[in-house]
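Next up, some structures in structure tokens.
Shared between the two complexes below is subunit A, which has subunit B as its partner in the first and subunit C in the second.
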Partner chain A sequence: MVEFIDLVLLGMLAITAMRIIFLKDLFAVVMLFGIYSFLSALIFVNLDAVDVAFTEASVGAGISTVLMLGTLALTGRKEKVNSHTAWLPLIVVVVTGAALIYGTLDMPPFGDSNNPVQQHVAPRYIQDSPQEIGLPNMVTSVLASYRAFDTLGETAVVFAAAIGVLSLLGLPKQEKSAIESGLKSHLVLRVVAKLVIPLIILFALYVQFHGDYGPGGGFQAGVIAAAAIILYALVFGLPTAAHVIAPSLLKALAALGVLIYAGTGVASFFLGGDFLDYNVLASDPVAGQHIGIILIELGVGLTVFAAMLCIFYAFAAQAERTNIQ
Partner chain B sequence: MSFIVDYYNYWIVVFLMMAGFYIVISANNLVKKIVGLNIFQTSVFMMYISIGKVSGGSAPIVAEGITSYSNPLPHVLILTAIVVGVATTSVGLALIIRIKSAYGTVEENEFKDKENLI
Partner chain C sequence: MIIEAASTLFLILGAFFSLTGAVGLFRFPDFFTRVHAASVTDSAATIFIIFGLVLRTDFGLVAVKLLFILIFLLITSPTASHALAKSARHGGLLTLVETEATKKEDSD
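Here is the complex of A and B:
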């Protein structure tokens, strides 16, 4: 049954990708890309990667669609018709694709438990991590403890990307602009948004602190919380949202998150362990692991939340500035 | 039939990768190029997750009565890659907005005439 669902969903994914190639209306392209992301999330669930599906659904279908639409608002929604036929790219793609398909025949068969990849470190993670780290969710154990150094790097990349976007586009000015923005005139949207936003934030907190036991964690929670504020900004206008959560506060939060993460690492080596070795944070190694993981997930959540919202503010402010001109 | 099931995932991955690659090298519009890059990127995600799947396995969260789990390592790698992916995509989109305000176009073939504007 799993294989059958896999077959159907992957087929739908391929059809969506084909459609994206030939569409000239970029608005439709972006919408199809949202559908594409949701389909991938479904496939990830089917392949047992629930944490990944969670992330893809919130990030791929949520935030990146909003950002792409924001860009289209500034650059125009029609792709110009290409006069020449793209023969050369087609040949390159077909030849490369054929070589890669030939290469896949050497791959070990899909889903076999004797594949090399299942023999390497995975058995250790699966057998020892529940006792060693004390968390049922192995993905969180690996992400936040065994591979914490890697995750620190990823968090730093998100932080750096936010700095990059801010230096390219700049943040909104604090003073209120005279022009009314947002969709405040729509009563239904206003009421629904007011009802839904607190629930989204509550859910984000649940995902943040329950990530040790079920699917979730700092990355997902940060994005979901940012989505709540983005919804608020879309309905009530950017100046109102910037009044609620000031851009300067976000800049500080993004840095604070990385600081908490790296600070946990520094604290652990001042207490006699290695960098990001949480065993020394408490008298009992498992309790120490728990404290360490909660701290660094908090750091990740803060940085991702602040970075995503900063990026959205920068895009929205750019769009408003263009509208005024 | 088992031959198809064994390799189907990888074939679709290759197809998606090539679809993304084709958009990147053939599209003139920069926003569409970014969409192509994202499709390429998702195909790599799909490949990692396919490799980590164990038939008859379960999601890697400890529960009673389950003996076989899928590999958690690819999940970790891809989870963080998705968030980093959207962060880098946003930098690309920000660059496109600046290109639009500097050149007045986001169509690649129209830049050639405007080189002297820099």
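Here is the complex of A and C:
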């Protein structure tokens, strides 16, 4: 039964991918990307990887759809007509694809417990993390403690992406006489948004601090909180949102998150451990691990929230500027 | 036993309403009727499916979480349908009856 569901989902994934390739309307393509992400999230759920599924649904289907729509608002929704023939690229793709399929012939059988990937570090994480870290959600233990270097790198990548977009587009300036935007005439939307936004922020906080015990963590929480503010900006207008959460504050928050993360590592240096070795943060190693994980998840959440919102502000401000001209 | 049968019934009903919504989305003639089909799916199918799922839990935390999801969806999905229809109206899209009326006037 599980295999059947997997097959159906993979088939739908393939159909979506084919439509994405052949459609010329970029708006529809962005929507299909969202569907693609939801389908992969379902596959991850089927594989019992709920944390990954959560990230895929919130980041892949949620925030990146919004950001791609923001890009379309700047660039237009039609794909440029391609006039030259595509024989050489086709040959390259066919050869590469054939090589990849040939490469899979050497792969160990799917899902076998004797595979190298099950034998390498996973048994140690599964056996020792309850004693060493003591968190019910093993994914958080691996992500935030055993693999803390990787996660630090990911946080830095998100931060760098925000810096890149800001240096290209710039943030909205806070002007007193800002133009009115938002959906003034949509009374229902305004009321429902007021109802829903606090709930979304509450859910983001739950995901942030419950990540030690269930699926969730800084990445998902940051994205969900950013989605709440994006909804606010869409319904009530960008100037109002920029008044509530100032762009300059966001810049500081994005840097602060990375600082908290790296600072936790440096603190463990000074307390006599290795970089990002949380055992030394408290007298009891397990308590130290808990403090360290909460701190770095907070850093991740802050950076992701601020970076995503910065990027959205930059796109939206640019789109409003072009609308005026 | 009865609970499980009821749950199965609810899930099948939910699946049925999802299917009719999808058929309606493809077969109905214009935008507004299609939004109507999709929004019926959103409301009726979610209610049935979530109640069907609640009956399969042991009525603890999971059931409460499912009810939260239901409330959230019952608030947001009609709003989404409303926003779609209102934007279409605002953009000048006519309903099927109005389009036919204008066609008649043109031909007269």
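One rule holds in what follows: the second predicted complex is superposed on the first by the 319 of 325 C-alpha atoms of A that agree within 3 Å, B and C clash if a C-alpha of one lies under 4 Å from a C-alpha of the other, contacts with A are read in each partner's own complex, and residues count from 1 in each chain.
Just so we're on the same page, a residue touches a chain if its C-beta (ideal position, glycine included) is under 8 Å from a C-beta of that chain, and two chains touch if they have at least 3 such contacts.
Model, not experiment: these values are computed from the prediction.
A.B. asks: Counting only touches as set out at the top, which of subunit B and subunit C does A:A122 meet: first, second, both, neither?
C.D. replies: So A:A122 only meets subunit B here.
A.B. asks: For A:A161 in the superposed arrangement: first (subunit B), second (subunit C), both or neither?
C.D. replies: In the superposed model, A:A161 contacts subunit B only, not subunit C.
A.B. asks: Quick check for you: in the superposed arrangement, does A:I229 touch first (subunit B), second (subunit C), both or neither?
C.D. replies: Once the two structures are laid over each other on A, A:I229 reaches no partner at all.
A.B. asks: Identify the partner contact of A:V188: answer first if only subunit B is touched, second if only subunit C is, both if each is, neither if none is.
C.D. replies: Touch partner of A:V188: subunit C, not subunit B.
A.B. asks: Who wins on subunit A residues touched, subunit B or subunit C?
C.D. replies: B
A.B. asks: Just to be sure I read the superposition right, which of the two partners does A:V196 touch: subunit B = first, subunit C = second, or both, or neither?
C.D. replies: Only subunit C is touched by A:V196; subunit B is not.
A.B. asks: What residues on subunit A does subunit C touch that subunit B touches too?
C.D. replies: none
A.B. asks: Under the stated contact criterion, what part of subunit B meets subunit A in this complex?
C.D. replies: My answer: residues 5-12, 14-23, 25-32, 34-35, 38-39, 42, 45-46, 49-63, 68-76, 78-91, 93-98, 100, 106-107.
A.B. asks: Applying the document's contact rule, which stretches of subunit A touch subunit C when the two form their complex?
C.D. replies: Answer in residue numbers: 185-186, 188-189, 192, 195-196, 199.
A.B. asks: Can you name the residues of subunit C that touch subunit A in the complex?
C.D. replies: 72, 75-76, 79, 82-83, 86, 90
A.B. asks: For a test of understanding, state which residues of subunit A touch subunit B in their complex under the given definition.
C.D. replies: Touching subunit B from subunit A are residues 2-3, 6-7, 10-11, 13-14, 17-18, 20-21, 26, 29-30, 33, 36-37, 40, 43-44, 47-52, 55-56, 59-60, 63-64, 67-68, 70-72, 74-76, 79-80, 82, 86, 89-90, 92-94, 96-97, 100-101, 104-105, 107, 109-113, 115, 117-118, 121-122, 125-126, 130, 136-139, 141-143, 147, 150-151, 154, 157-158, 161-162, 164-165, 168-169, 213-215, 217, 219, 223, 304, 307-308, 311, 314-315, 318.
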